[in-house]
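What follows is a single structure, written as structure tokens, with notes after it.
Chain naming follows the written order as A, B and C, and within any one chain the residues start at number 1.
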Amino acid sequence: MRTIFEYPSHERSDGLFPEPDVPTAGLERLIGDGLLRTDRPRIPDLSEPTVARHYTALSKLNYGVEDGFYPLGSCTMKYNPKVNETVARHPGLAHLHPLADAETAQGTLAFLHHLAELLGGIAGLPGVSLQPVAGAHGELTGMFLFKKHFEVRGETERRRILLPDSAHGTNPASAAVAGFSVTQVPSDDRGLIDLEGLERELDGTIAGVMLTVPNTLGLFERDILAVTEKVHAAGGLCYFDGANLNSFLGRARPGDMGADVFHFNLHKTLSTPHGGGGPGAGPIAVSEPLVDYLPVPRIERDGDRYVFDWDPPDSIGSVHSFYGNVLVAVRAYAYLLQLGDEGLRAVAEDAVLNANYLQARLKSTYPLPYDRLCKHEFVLSGANLAEGISTLDVAKRLIDYGIHPPTIYFPLIVREALMIEPTETEGKETLDRFADVMERIAVEARDEPELLHEAPHRAPVRRLDQARAARNPVLRYPFDELS
Amino acid sequence: MGYPVEYRYTRDHEWISVEGNVARIGITDHAQSELGDIVFVELPSVGSAVRTGEILATVESVKAVGDVNAPFEGTVREVNEALESAPETINAAPHADGWIVAIEIADPSAVDDLLDAAAYEALLSDG
Amino acid sequence: MRYLSHSDADRREMLASIGVASIDELFADIPAAVTDRFRPLGLKGRSEQEVVSTLADSAGRNSAADAVCFAGGGVYDHYAPSLVDHVLLRSEFFTAYTPYQPEVSQGTLTAMFEFQTMICELTGMDVANASLYDGATAVAEAALMAERLKHRGRIAAAGSLFANVRRVLGTYCWASGIEIVDLPHRPSGVCDLSDVPEDVAAIVLQSPNAFGVIEPLDGVKERIGDALLIVSANPISLGVLEPPGAFDADIVVGEGQPLGLPMAYGGPLLGLFASKTEYLRQIPGRVSGRTVDVDGSVGYTMAAQTREQHIRRERATSNICTNSALCALAATVYLATIGAGGLRRVAELCAEKAHYLADRIAALDGFDLPFSGAFFNEFVVRVPGDASALHRRLLDAGYLADSPDAVRAFGVENALRIAVTERRSREELDRFVDQLGGAR
């Protein structure tokens, strides 16, 4: 598959933009020679049909949720409702400059305010900011709030964040960017946080804990109230990573579990599309003590108008250019309006039902390190299927059956991990087929291992040489080498 | 591949070979096999001082990063510059040409406190 | 609940398969003390038709969406060719996950590689990542990277960064313990670099800056010792301006919204990030790299992943995971559709129209342009009478310019900042001048 730089250049008159309708003076006069570009960027000039065909061809090399099952654990690859795309493209919402006066953007401010209320209601927490634009961004903002909280209280020796060994990589990374050090707390043999191990760490240097609930094994922390009580008693705060919210919508609220900061992944739980890596949105909900520190500007209601509040003196400042990913937020808003309370509850029910169904079907074929009812996802191991077969081989073989591989090698506490999250939008037929294919691959692993080792056989490219990409990085088109 | 009996080993899968007051350090065959194809090695500067337990070098594969920690206090005498253009040498010859750093140490006898080949192999089979 | 795919019979069968009697049993692990406290939202679900209608009403209450837009500050009202959105709407692109399984993500990875290449071409730099969240966090990430490389605890930043960019930079630097020294500007509007502190990790400039003035970069790198030169650039301006890479900049960042993205009330946006090759191991964010598969066919995969959070965790170069991939795809398709020739044309139209408008406004009684530095498509005008009242009158007449607060923050009183893009027709420009001229 060619890149866009490998087509014969097409001298064509530009029909996209009109001729200048003002008298022109020439940029040499207006701006001055010294500032002007002398070379021409090597961006090709092509006809529209050529460009259209190229990107259509590229799209066919991809695999989206409409192409089939996408059981990526912790990613919640549920169906993305197309009405979301319709509303997000309304010119009245999209053609709106962020510096327009609040008075002239009342429609958007109203729905943003309402969305914040709904998210606060789901979280069971009083303060909400829509500014963070990704889960990791929400985590970072939360860590900034922690820092501010302890700074205001003069407790700057509180520099340690505790997190379980099953934590997602963004958790320690976010803590570190905010200037905290991280201490890992091991999981016990139930796969849950080891309370004693946690208690041993609770001293005056603790800023708090970062947890994912349920955890990345898909297991709910039964001792969650004890955990948060102990951390609070030790003077710390509790951050909850909301990646797994899909599992308890309509039944439980993080605020009731002792969370001080909870982030949403709108591009997971609330159906906004993943986009090949974003844009997402990671709004946060916070407990009362942290409300004053939330980013500015806040969107406040003043009678029947909506206004920006830039005043909060103890705010951490801003973490985004403007107000967060507004057009991502509108998609989540449309989803919430469609679902309502009943719909949210039904989502979690089918998500958890689907995961347990698959777990029950697969556990006799693949090792299941934590053999208990799970929530919306579960972790199998690809170890010991057959000599020399790894989880990577299983993943690549799934591609030959037209199924996107699950999350692999995460969480780190399970060897050769395969994390499977079906989500609620999958039907029984899809789940049964997936289980059938997984069982078949387990047989192939024993009887025809080369099929796995050399997979994928039926994909746009075969297995790629990762070491070569890493050793000699070629990160842009090598124009000079090919002339 | 066997583990040379004249070397000493750490629980973090480093090997150490001492000549006089210079300790040559690398990662073991087990470590390179766990990491996979090695693509980059970050080496310290010659002359820098290190304390016990500090990160001496990092070894990167496509999917993981391994730290090489200083088993004792010392000063970096030599680094294996060949690894800059051929990091895969560590995969091919982890105990020989794939050596990483040589440090001058104050107390060569501290080496005796480390694991010998038999103890290291026992550690691996306990897994 | 149309998005669920089970019948009740399915559910019964599945429960039996699992070996439980009811769905509630699957939630028994959530402590009763927690579930007892649960409160619903009090929200009743609506039909798709009603939701579309509700949001159309919301859209109807955004009068600024219909205004003739002269607002700027990093986000501009440019024309996006129709093809861009059609590509974005292919579900293989917009519903796909991050390309961790490269064999089924060659669409995304190839487009990322193209994007990286185009950004390198525009900025004159060696390596670009596949996007950050927005231009403001891109500046912040650049500052953090400079600090990782230089360990000075201080950076110097032009006082003429956009106010929102400076605010985000301020938040990130506060959290990392990095002090920011703000540099003053000269009367012409360019940054005053005569007294740059010596022990800083980086100097951060924006070009064009918050006054719309183009920062002359010639000789700057030579004058700042071993501090890194970080420049935040408007990508459309790079169609005609000499890029920061030509002046030995170390890191170039920017807000990519002008490249085919709607204004979106400020989000999603597109953070651009490019640097010299020697800093590759320190750059934040994802990069797509070229390689081959077992048959020798060219393919693309995520490269240098050991910098990233999923491997390095607390020692990662950034915590970023999800970025702005689909927006980067939009920018790639935008640039491919208009081509280098089209980009030059857009930039020329912006500059010519902006200068035409500036000249006509400056000729009005009581109006002047306080900054003499060369500008691209954005400029500041001092106005007679009360600028806020004028801003209000313009709004009422259907014209949106940046509020006077945008430049008051920089000590420029009674002024408006005005941006002009290729979308502003001569008629709109002339009528705008008439509006201003009728003001007293």
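As a working rule, a contact is a pair of C-beta atoms (placed from the backbone, for glycine too) under 8 Å apart; a residue touches a chain by one contact, two chains touch by 3 or more.
Fair warning: this is a prediction, and the values are worked out from it, not measured in the lab.
Trainee: Tell me which chain's centre, taken as the mean of its C-alpha atoms, is farthest from chain C.
Mentor: Looking at centroid distances, B is the chain farthest away.
Trainee: When you take the mean of every protein CA atom shown, which chain's own CA mean is nearest to it?
Mentor: It is chain A that sits nearest the middle.
Trainee: Chain pair with the most contact pairs?
Mentor: A-C
Trainee: State, to the nearest whole Å, the distance from the C-alpha centre of chain B to the C-alpha centre of chain C.
Mentor: 44
Trainee: Express in whole angstrom the distance between the two chain centres, defined as the mean CA positions of chain A and chain B.
Mentor: 37
Trainee: How many angstrom lie between the centres of chain A and chain C, each centre taken as the mean Cα position?
Mentor: Each chain reduced to its C-alpha mean, chain A and chain C end up 19 Å apart.
Trainee: At least two partner chains per residue is the criterion; list those residues in chain B.
Mentor: 39-40, 60-63
Trainee: Got the chain C residues that touch at least 2 other chains?
Mentor: 305-306, 311-312, 315
Trainee: Check each residue of chain A and list the ones that touch at least two other chains.
Mentor: Residues 466, 469-470 of chain A touch two or more partner chains.
Trainee: Any idea which chain A residues touch chain B in the complex?
Mentor: Touch list, chain A to chain B: 409, 466-467, 469-471.
Trainee: Flag every residue of chain B that touches chain C in the complex, lowest number first.
Mentor: 39-40, 42, 60-65
Trainee: Please output the residues of chain C touching chain B within their complex, sorted ascending.
Mentor: 281, 305-306, 311-312, 315
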